[in-house]
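In the part that follows, the structures are each spelled out as structure tokens.
Shared between the two complexes below is chain A, which has chain B as its partner in the first and chain C in the second.
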Partner chain A sequence: MKESRLGAVLVAPSILFLIVILIVPLIYTVYNSFFDLRFLQMGDFLGFKNYAAVFRNREIWHSLGLTIIVTFAGLAISIVVGMLMAVWIHSCQGLTAYFLQIIVLIPWVISMVVGALLWKWLFNTMGPINYLLNAWGYGNVDILANPRLAPCALIFVMAWRTVGFAMVLILAGLKSVPKDLEEAAEVDGANRWNVFWRVRLPLLKTPVMIASVILLLSNFNNVDVPMVLTGGGPGNATNVITMELYRQGFVYYDFGIASALSFITLLINVVLIVLYMKVVKYDV
Partner chain B sequence: MSRDGARSVLRHFGTIAGFAALIVFNLAPIVWSVRTSLMAPSDIFAYPPKWLDFAITLEHYERIVKSGYFQTFRNSIAYSLAAIAIGLIVGLLAAYGFDRFRFLGKKAMFFLVVFCIPLSMGSSALIIPNYLYFSKLGLLDGWFTLPLLYTAYNLPMAIWIIKSGVEAIPVEIDEAAKIDGCSRFRFIFGIVAVLSRPVLAAAALFIFLGSWNEFILSSIMINKPDLRPVQLAIYQYLGFFGQEWGPLTAAASVAIVPSIVIFTFLGRMLISGLTAGSVKS
Partner chain C sequence: MAPSRKLHVFMVALLTLAVLLAACGGESGGSRNSSTGSSGGGKTNQSGTTGQGKGDDEKVTIRMWTFLDPNGTSAREVALKQIIDNFHAANPNITVNVEPQVWDTLGTKFLAANQTKSAPDIIWITMDDFGTALMHGALTDFESLFLKDWTAEEIADVDDAYWSFGAKDGKHYQFTLSRNYIGILYREDLLAEKGIEVPFKTWDDLIAAAKQLTETDSSTGVQRYGFGQAFSTESPDPQVFPPALIYAQGDMFTEDGKANWSTDAGVEALKLQLDMVRVHGVTPETAVSSTVEDAYNEFKAGRYAMMIGAGVRIPGLQSDASFDGKTVQMTFFPSADGKSYSPSVINGWAVGIWSGSQHKEAAGKFVEFLVNPQSDELWLTVGGQAPVRKSTVEKYADFLNQPDKRYLQVMAEGFAKYGYAQPWEFPVSGWRSDLNKAAQDVLIGGLDERTALQSAEKAFNVRSGKK
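Moving on to the complex of A and B:
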């Protein structure tokens, strides 16, 4: 590798792009979070009052708690189902395995807006799910209007979207497990169950970790799905932190509070990002 | 025999359950939506549902076309292409620079790129910052607004993917080209670009999906109807058509066509890009 300024010149446009469009706005937001910025009018310097207001706001605490539940529940479902799918596809061959992968990945490829819209239509009181419920002798349930069921529906759609992603990473991990290691275990008298738990699973730790961190980030920050599926309702039953952030900004127009809340969510994201950088083990 | 027999029954049961789950959860929702989009309004809410015995109509598609849906389609294509073009050019330069040279601040700069991969994935913390910043600079609601954002959001991942391909090109080729008097830029955009076609295609695919499927940024940055991308149009139909599921499902069905078609042909590339981007061995 050569020591050269040319390297810096080649890298500069990209770095500039990232700094100007992603990093500077974050710094600008920290600045904004110290001011009264209602209706985008720059007002008085408030110090930490916006932060105090965020921490006093019960709705925000509720929303943060809900977000954590939704994020982890969605993650758990994705990883478990993704693992099952990966093991299944790993046992298939050639074109079959490929097409199965494609179908499992479809929900991840189509947009979240469309994905949420498809399920909103299926959950409809006149839709096929309610038809089946009726056929089995249950009454009509308006799933998305029920404060207990709506969060479950939200978790379901988020997990549905990300199963394919978890599957792809875990499958790649499975493929990298050396065959002779499995065979050696079998020769030593391990049954399939033991081979899976004692040989494969430990080697899948890295891909599962990476998938988990990325999906935690993706679920925590998901705004498209709740926006389309429930709009945060009924009441505040699905008002996750991203919806609250959107409301503070574009419904109440209190951009001071919204900036403070953005900075707090950024800090939570940074924890996850550091985790990501730890598990990915990048180097130059 | 009996244990093997039991195992094979279990195996078949698993296979059937797997296929059934895939059909019910991954394919049925799309089929159901396409079906709804082809039904007359009176049939859509018929109870019990009409499974197959309905007359096919294209009226919902005509309605969304009349409401300017294809304009939004053209916009999304233009935004995606712009982001792909800038992303690939700038990303290739950066990938080559990171892979072949040592320079002051290299570690910090690469750290920034890797930091921005998950940052741009979890964009909720960036929504308000980007909005306030763009509004301060007067960059809201322009033809350049979304291409700029889409490029920046997808660039970190693109650099990461392209770099994995540039790494595989032997350094001897660089030297041979230098001896032959090939200029550095002609070398990068000629030889390196050609040799790393697979990763460039994978990166392009990622930028395309990221741009085509993006919704929340466009919803806060874009007001002019002429500049709306596809996903924003669908979301607005949700308010506009309300409970009219015919036009809504028609719009949704059309919007997934490009993603599904490209994905079916380039799926292998996407899968390899996904794993290259996160599982480095």
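Moving on to the complex of A and C:
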């Protein structure tokens, strides 16, 4: 009894801090979502009118669909490439392994804004990618101004940014796979693919799940990369939900709508996580 | 009680306590910052100022929000630092504490801070957001502070369209610094090579010149375009549409504050803007996703011979250009019929005093100092900014005639004769984004100009409460 009380007391400051910076703003946001809050002036109580306005807005539905595509496409690429990098690094030894880990981790540790700017310049028609294309006899490709290529560029940059994180978690998982299981499989005649598919991969379920959940949330709620890379354009080709949220609040000053959209986005995050876990049959 | 149930009760109690603390914290902070200036005996309040007395000997710190950093190296920032140093020397009991902010968040942050009674004493706010701030009672009139002591001559020295901006019931609430004029920035050297003369009389003259200037640079191999524009909805500046529309129909908004863009004149103006991309090829297709910052960077890199840009950015372009920066100049927007120049949106940063400030007198002193003759000269000679005072323009006529300073004369003439001050009586925030969205809807979405403009009008009107 004494121990549980002591534990509660010791944990209380951190819990209080989390409550103040997470829960209280969330409650306040939900509260604001029921009011007319244009230009930060508390106006009339609107009930669910802000939510109705959000659901009636076609742009927002488009943003939502686009965000889901970008999120899962970026996630899939990160996990697959992260897995491949982890397997490769796991097979290397010594300095080579460390060096490769550092290279792959760099996109994750640098600022998102810096990374997005870097790719914005690389994709520019005066940038090195088009320079190489011209050198090989091809014409300029305006990636960020093309409504079909711009979303692909966004997915690519998001995946590039998160590959390192996926690699680190999966590599940690690989290192914890018991060697005797792999050796036993080899003795039974399993080739390298079978060892990976039937021994290593099932045991990597936990780190893959953890990486997936974290990166899913990271991609879904990312505003830095789309804002810096494309600004939501061209047109609304990369206007993900976070861009729409930002625009409602900080360009149009309609904080009532922005609050409603924030809360809806939070609910979608929760639903996505729960669905994802159910699909892969993962028990918490 | 079982241990887990006790833990749950404990957590709920903690949560309730946190909510109550957070709810009460805003109110008590507000009362400390009461605009009535109630005595508080030297406590540090949320505005970060110390002391509450108005005596000359009492040390006072005033906060100012601006996008300029006195520790920065740009011309405007160097000028601001010198002005602050001069103020401190003249007023040793007042300290000015500058808190630099990202420029396009200043309006939002100030409105939010006004609500939570934690706004700075002095605010730099865009003309787009000034009307909103004024309507919400967030600014103090200068007449109650220092302006009542000004002579008629002093007032005449600053009296222009900027001075009248936001004046309500005979009271003034701002000085406009970093006055900006959006025009056509061009490279004098490239135009001279082709024998092109400015200013352009008609849009056709401009397009013809831009076509001549659209070529591959022989020395660098860079594909250069004749006319740079930027249609991103992020941090936008007005492009060709506003001057063309205003010249044709006089205003962009109706008297009751609705957007008035999808008229025949508006359709023609948008067509003119976008044909530069899709018909004449003088603006690259990348414009559809370019921000103004991208356009400035590409101009500096030699990608554009001309671009739509702001006069206040010219000193930076001149210093950072990959070519001889002194060749960067500015000219007016032409018109359809060539009889005059098209009015351009004039802008600037409205410097005002927060109505909830507990140091209005001290803040007023500094605001007055920011525009006194000595400071105005510093803004001009060090900051490269258009002066506020007519006397400064007269005194520095030779300075303004220097080749790399001629853009300031263009700006001054533009303010006086070819300027359009956007309305402040009703909220206009976001109109530039709306118009750039219309441009994107046509170029990318395939909409026709009228439909795109109607959609932009609707978005603006709904947002502004003018359905």
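We take it that the second predicted complex is superposed on the first by the 262 of 284 C-alpha atoms of A that agree within 3 Å, B and C clash if a C-alpha of one lies under 4 Å from a C-alpha of the other, contacts with A are read in each partner's own complex, and residues count from 1 in each chain.
To be clear about the criterion, a contact is a pair of C-beta atoms (placed from the backbone, for glycine too) under 8 Å apart; a residue touches a chain by one contact, two chains touch by 3 or more.
No experiment lies behind these values; they were computed from the predicted model shown.
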| item | value |
| --- | --- |
| Combined model on chain A where chain B meets chain C, clash or fit | clash |
| Partner chain(s) touched by A:80 [first = chain B, second = chain C, both, neither] | neither |
| First (chain B), second (chain C), both or neither touched by A:132 | neither |
| Touching partner for A:252 - first (chain B), second (chain C), both, neither | second |
| First (chain B), second (chain C), both or neither touched by A:181 | neither |
| Partner chain in contact with A:271 - chain B first, chain C second, else both or neither | neither |
| Partner chain in contact with A:145 - chain B first, chain C second, else both or neither | second |
| Chain B versus chain C as contact partner of A:4, first or second or both or neither | both |
| Chain B or chain C, by number of chain A residues touched | B |
| Which superposed partner A:112 touches (first chain B, second chain C, both, neither) | first |
| Touched partner set for A:69, first chain B, second chain C, both or neither | neither |
| Steric overlap of chain B with chain C in the superposed model, located at which of 78-86, 222-230 or 258-266 | 222-230 |
| Common ground on chain A, meaning residues reached by chain C in one complex and by chain B in the other | 1, 4-5, 8, 15, 19-20, 23-24, 28, 40, 124, 126, 227, 249-250 |
| Sites on chain C touched by chain A in the complex | 3, 6-7, 10-11, 14-15, 17-19, 21-22, 105, 108, 111-112, 114-115, 132, 136, 222-223, 231-234, 284-289, 291, 298, 301, 303, 427, 429-430, 433, 440-441, 443-445, 463, 465 |
| Touch list for chain A against partner chain B, complex | 1-11, 13-15, 17-26, 28-29, 32, 37, 40, 84-85, 88, 98, 100-107, 109-114, 117-119, 121-122, 124, 126-128, 131, 160, 165, 168-169, 172-173, 176, 206-207, 210-211, 213-214, 217-218, 220-224, 227-228, 241-242, 245-246, 249-250, 255, 258-259, 261-263, 265-266, 269, 272-273, 276-277, 280-282, 284 |
| Interface residues, chain A side, partner chain C - complex | 1, 4-5, 8, 12, 15-16, 19-20, 23-24, 27-28, 38-42, 124-126, 140, 142, 144-145, 147, 150, 227, 230-237, 247, 249-254 |
| Contacting residues of chain B [partner chain A, same complex] | 14-15, 18, 22, 25-27, 29-30, 32-33, 36, 45, 47-49, 90-91, 93-94, 96-98, 100-107, 109-110, 112-136, 148-149, 151-153, 155-156, 159, 184, 188, 209, 212-216, 220, 231, 234-235, 238, 245, 248-249, 252, 255-256, 259-260, 263-264, 267-268, 270-271, 274-275, 278-281 |
